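Both complexes shown next keep subunit A, but they swap its partner, so subunit B is in the first and subunit C is in the second.
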Partner chain A sequence: MNLEKPIAKPSSPDQCMSCHSSTTNMDKSHPIEVFGCFKCHGGNRYATNKKDAHRGVVLNPSRLEYANRFCGECHSDVVKRVSSSMMQSQNGILNVLKFQWGELSTPIGLEGVVELKDKNSTSLAESHFRKACASCHVNQHEDVFDDKKYARGGGCVDCHRIEKGHQEKNHYVHSKLSSKIPSKNCLKCHNRSNRIGISYFGKFESEGYGTPYKHGEFSHKLDGSRFYYELPADIHHTKAGLDCIDCHTEKGVMGDGKKNHHMEDAEDIKCNDCHKPKFKKADSLAVMLSDLNGNIPETKSIAYTNKKNSPIYNLQKDKNSTKFYRKRDGKAFDMSNMSNKPYHTLDIHKRLDCTSCHSSWVPSCYGCHEVYFENGKQFDWVKREVTKGSWQEFRSFLRFESPSLGVGYNKKIMPFAPGCQVIGTLFKDKKVEKFHAMAMAGWDPHTTQKEVRSCEDCHFNPASLGLGRGNLDIKNNRIFFEPFYNSKKSGMPFSYPIDGFVSSDGKQFQTTSRKDARSFNKKELQKIVGAYKCILCHDRYSDKIYKDFNKSKILFNSGKTVCLD
Partner chain B sequence: MLRLIVIFFMLGLHLNAEDCVDCHKKEAQKCQSSNHYTLSNAINITRKAWGIKDSNVTLQTIPHSKIDVKKPSDLVDDFLRRKCLKCHLNVKNSGERGMKRQRGCLACHSKHSKKGRCQTKKIAMSKCLSCHNKEFVGTDYKGLFPKDYSHSFRTPLQKDGKYPSQRYGIDFHHLNQDIHYKLGMSCVDCHNNKNGKNWKKNITCKDCHKELSKSNHKEYHSNISCSACHSSWNMSSYELSVFRDDTADYAKWKDLTLQEDAYLNKFLKKALKSKKKIKPVMPDWVDMKQKKGVWYSGWRYRRWEDMVLGVDMNGTIKILRPIFQYRVSYRDANGSMVLDDVSSVDGKPLEAWAPYSPHTITKKAKSCERCHNTEIKKGGVYSLKIPKVIYNGKALSKTQTDRLKSYKYKKIRAKMLN
Partner chain C sequence: MSKYVAWVTQALFIISLLSGLIVVFVYYPSNAYDSVQKLSFITPFGLFFRELHYFSSEIFIFSILVHILIELSKKEIKINFKSWIYSIFALLVALVLMFTGFVLKADQSANAAAEVAFSLLKDTPFLDKFLPLVRDNFVFYWKFFVWHGLFLPLIIEYAILKHVRKLSVNISYFTIALGVTLLVSLFLNLPRDIGLDEKVLHVKGPWFFWGAENMLQAGLSVLGINVVIILPFLLLIGMYKSNTKLLKILLLLWVIIYAYFSV
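Take a look at the complex of A and B:
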């Protein structure tokens, strides 16, 4: 392709080219010869002097306030969807925060960042959102970032730009746009909070030692003063080098036009969409997308997501095989289907989300000590100016091992980690106030492995059960647990262990990020830990006692079957 | 002869030793051969971990490091003298909270009372803990676990907006305390000089707890140390990167001034604030001279819930702890990296472990599963949890690990659970 080269004398529909003749093409779909400049940037296409020509010119037409007029002329559906998507509104973050801090009775409602825009009064949670969270949304202004390396926002280009426009010696290289979005674009934002972006690549945000020292400097730097250490990366990365977009469909990412309350409502893809796929004839969107991609063959039979019926045009079936094509370069991989082995089919684990067994670790940041200085000053990412009040974040300790489990937003059992355990200290004019809002959240940590956790790692590990780290035992069918962590003595305003989601008798200590999500209850804890007695010897799914475990238990309890000789 | 001894002690044990020796000749002589005086255990195990074979030196005989540094072992004595040996009987205390004490005999045998300082036989725990803090046994008895170094872990902030106060230059998490501590016992209640026993080494649980009532003590677990089952948590500190820097490069340590080293904390704070160029110096705690270069350090990570078992020299199963999986860097005054993250001795990893007895005893022993269900994952920093070299002991044998999952075990355990 010679797109990279400057076009000497493009025939353009606009007069703009009389000055901007050295501008390169931005991609193969929008050649300047056809589009000119005006179509995307506005201005006066007939003018021959700079002043007139640039009247009304929009430098970045992909900002959402302009996108409807420019990008939207062809992509009106997408622009509309993105404008109401969660990556733009951040309503999920704002509402959960307000819910956890007691400002909302449910974690839903409000519009998100848009609503705060014209609002002057600000609650505590809103203040925190403005200063700590609101830097990450699709339409953020790139120019407010001091370090351009971390600049986010700009509308469509936030994700789609793969190279920034710049002047070279004798030509101007136009910003390059692509539908093959590199993961690093996603990671501009998805590296904090639940940290799935970095976890996927096997990076765990560390305690900040920057060890081992290399060449006399800190190593393993993430950004700013954050560091990581290596853990096993997600198998989709290690085995096939998949990017975020290989799974995450355009509808899941750019929105489906509906106002979604939470990430999981907006999300489209599920493990079984690929690992237990249903194939259908490729629709027109699939044909268009694979054509746009250029690396992925067009075929008749492709997979679709179960939830939003989006084409997974890179998962294709022909007579002999099922192939998954990597969008970046079209590299094909044989698709492995979910097996029909007992561990996937037995009733005993039908409530488990795939992530509960297949996630090998989860970044767990215990104790999010938020400090607010009323008289401090800090940048407000919504207003884009420095305003009164500043926040600083501290922590207690970090863990990655043995993810806690609980009942997630989908009523299935999934990994949980602090999200977020806020212990707030508010330094106001003449007084100091304290509050705490302790919460755990469930999510897919994106640390998938083929190998799963052992039976005991869930059935007899107090950390996994949500009890926290400590010594767990059972006697006479009662669960005993002695935690290691002493929160009170460590200065926390509560007495349960900070890594305790639930007590051994099923009392939930902390809230969650969703209305329906919760820790295990007493009955569930007893059932899970109770099963351990059997697991001790019957440690294979293929063991006949699990075929109908309830029946086996009845038989055993009535003395009709005995264990051990 | 007596005069000679007195002179020796004047040099060896500071201050009032001269006065004490007049009457306590026997005790003074005994002290001279004690590990408290020679610190030979700590010194030699560290030298070994840095690649010196058959090391046998004491606080009194430890040499200075070579000037021409080629490998970690050339620097280990410098590291010891300036990072570790600030805890010995003759060192002047740094005045930090928790570390105030006298020198010589009075380092331990003094007590502050309203009437003034007086000598005492009953040594206060605070005297022991003025040295026995950090990663080793000591502060664990009170349930203390050092927090990570970065300022972002110094929580929760106090009402005046300041960081929580430190002891020994360390900010601590509070974990489960040792039951003996909860019952009001102090170190010397066990580690005493009664019955003519050497007061540190030879005390065992059985000296007091003669009756081991429950059958499983004898039947299955006769060669397991009490603390393997009865400790609550234990210390696993993985991979310590240490870095001696002879250049004045301080800015990058601004979030990491607290490195469990009161001198360094003060030094860095001053150096970061000062407009003048502050020379990179740190004391040699043996000859008490300021010397060039500053030692920095940082962990990979630390845990209180990990538990790895091994066997000590007597064949007793004990909990292991890493010591400390060192990686060494050294930058000289000209700015060249003489050692750049060197982690090997003759190509072998430094990842040494050793058996120890956590002082976090609980009445109720661990559940069987905490030993019998051990499973260590692989990949990334998980691998640091697998002992590669074990000092003063060895790994569990195959028979022993097989036994953890044996049919016999399962049968007994199932009976207990049902």
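Take a look at the complex of A and C:
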């Protein structure tokens, strides 16, 4: 006797299915047979006519104004965190902009998109934010984008949707959601400003032309009228094809429930978390996340981030090896710990952030000419209507090589690039006003390579030192620098070179985007450049002076070893 | 004439009572909105009995009013004072029954009406003591359900019995009452339930509450509202003793003002 009867597929508890029976499932976690439609979309689940059934229906329940009611029934913690996250508020961008444009005394503030919504302000920075930056936030309305290719926002679906709902011949394909978020979803927003998203894939936004031609089309074309050069992509992409979510934790991306001031406050992951990991027993969140992913095996020992103790459930340790699993497909990679060789352990480099050496290039967009027309009209991305005042943006030039270094937000030395250098022209009623707000910002450019910058590139390259591009010389322990860029002749309203972060005597020219970030000071510049004469010979870490550098230094200073030069 | 209206009124009350006894089987106070929607869309003949219950109750109120108006139009009220008081009391209880019934449909307008009523009770001296009799912190609709489904029908039955001395069902009047109710429900729709997820700018309570709502909005104090609500009943009581022109004008004035605020 066959006792294994097939289990009947449960029907949806909602009457909605009497019309929408051909709708496909959203994902394996939310089968329509179990959830029905009402649970997520509201309306009247019992009504059998369109009018009554659709009353109160929410087409996109993942918009943050609805998410708490629908998604939040099961994911209330996440909805709360996302609602207060920087991805939603953009307070980091707004307050840094206001600080750099002289409207705030500090780049720290919590005012963001939500607060601006009902505000009528005369602030120039706020106007620029409304007309440009505010198009990117997770709760932006997708329908305000004329070209749906560039549509962003929509709440949870902004990141989690991997396929948009559409009608096919005989059935409706419901939007597909996933926790395995493809990088292209992140790139919808993270492709401008510091351009982390495109840099990671080895794309450096170039000047406004697209040669060489290929198959009758411009090659190397980004969306719209933007072009790129192919540069070395980040090693995490080239070696393992990792997506953004392979490193970035859910807490780092969706927020930790706190109102953070800057991206690095919200950010969770650090290089050390994977390359010098601390393993602990997998907690319930880790088990749930690996189960949800479906490709990552559940294990007892996983890594955790140092900052927020978030589980890195795809970095696992068993008896014999440490494996890193790619979330997209579960492909495993052997992980080896960061070496203990001198370049990682030397005291002289202890202030270096990993990015200062391992970032091979940084997209540096110099001189952003912002033109404001008071009587113009432009779309306000916060109010979602055309309002008075319009902005146009032009840039001076782009560079990628030898990123400037400086002291970053974490008080460590890291790459810096313009962020942002604004030369503004304001066309008001009958007068023209000008202003400039020059700033450099430090960030992880996501162009990591195993091979690092050469010693000379940091110790005797004026661009790396933050002096700008030009001729560098040392005479009698004094630094002499002649810049290539002549700001006065270029009509700039300042005398320092546009790519100059600091003068050779340590005077900082430009502001930064963070309270603690700065250029090198005079003492630091002299120390860095002063080491160059040693590097001329001792340019390899295999050199025996680095075996015990402190001992070598004592021997040299006491005259027991001599410079052979 | 008044006698015939009274028979129809009685028949309407019985229809309302019987249809209420049917719909109560599928009403769950802990899942109120859902059970009302299930009743309306899923339960066989659910909507029919809901409409029957609703429209018979509405017409019941109107027929009480008509009955009273006919009595008032006479030179003198022929029933004894006690019976007159019971009839006014029955009208008051009928309105409270209507109100609790409105709340039990558990949609957004019902919730709002309940909250307004709670606030009115809370801010009214003496009556605030009775708030725990209607407000339930565990199952919002439970006490409304008990009042509407048990105590208020008993009370109104008692008042009607005291008023008419015996409750009898005359098949002809019952047929007329049922016919009128069915006819009305054929041409009119139930006021639509405002889903809990619906975004609406404005919700309203039952029609006899609109005037009070708008007066509150216009800035009348809670005490003032209480006076407005109780005034017509006091006038009706007063009319028994002296059915003067002045009281009639006052009542008419009240009706005009309340109607003005209702629209």
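Observations on the model:
Keep this in mind: the second predicted complex is superposed on the first by the 532 of 565 C-alpha atoms of A that agree within 3 Å, B and C clash if a C-alpha of one lies under 4 Å from a C-alpha of the other, contacts with A are read in each partner's own complex, and residues count from 1 in each chain.
One rule holds in what follows: a residue touches a chain if its C-beta (ideal position, glycine included) is under 8 Å from a C-beta of that chain, and two chains touch if they have at least 3 such contacts.
The structure displayed is predicted, hence computed values, not measured ones.
Judged by the touch definition given at the top, the superposed model places A:K533 against subunit B, while subunit C stays out of reach. Judged by the touch definition given at the top, the superposed model places A:K39 against neither subunit B nor subunit C. Contacts of A:K489 after superposition: subunit B is touched, whereas subunit C is not reached. In the superposed model, A:K259 lies in contact with neither subunit B nor subunit C.
When the two structures are aligned on the shared chain, A:Q15 is found in touch with subunit C, with no touch to subunit B.
Contacts of A:K180 after superposition on the shared chain: neither subunit B nor subunit C is touched. Looking at the superposed arrangement, the partner reaching more residues of subunit A, out of subunit B and subunit C, is B. Overlaid on A, the two complexes show subunit B and subunit C touching no common residue of subunit A.
Against subunit A, in their complex, subunit B makes its touches with residues 143, 147-157, 159, 161, 164, 173-177, 232-233, 239, 241, 243, 245, 249, 252, 255-256, 298-301, 304-305, 327, 329, 331, 337, 340-341, 343, 362, 364, 366-367, 369-370, 373, 375, 377-382, 410-411, 413-418. Those residues of subunit C lying in contact with subunit A across their complex are 34, 37-38, 40-42, 192, 195-199. Note for the complex: subunit A touches subunit B at residues 202, 204, 206-218, 225, 229-232, 360, 367, 369, 371, 393-398, 401, 423, 425, 427, 432, 454, 456-457, 460-461, 463, 469-475, 480, 482-486, 489-492, 532-533, 536-537, 563-564. By the touch criterion given at the top, residues 15, 42-48, 52, 55-58, 69 of subunit A touch subunit C in their complex.
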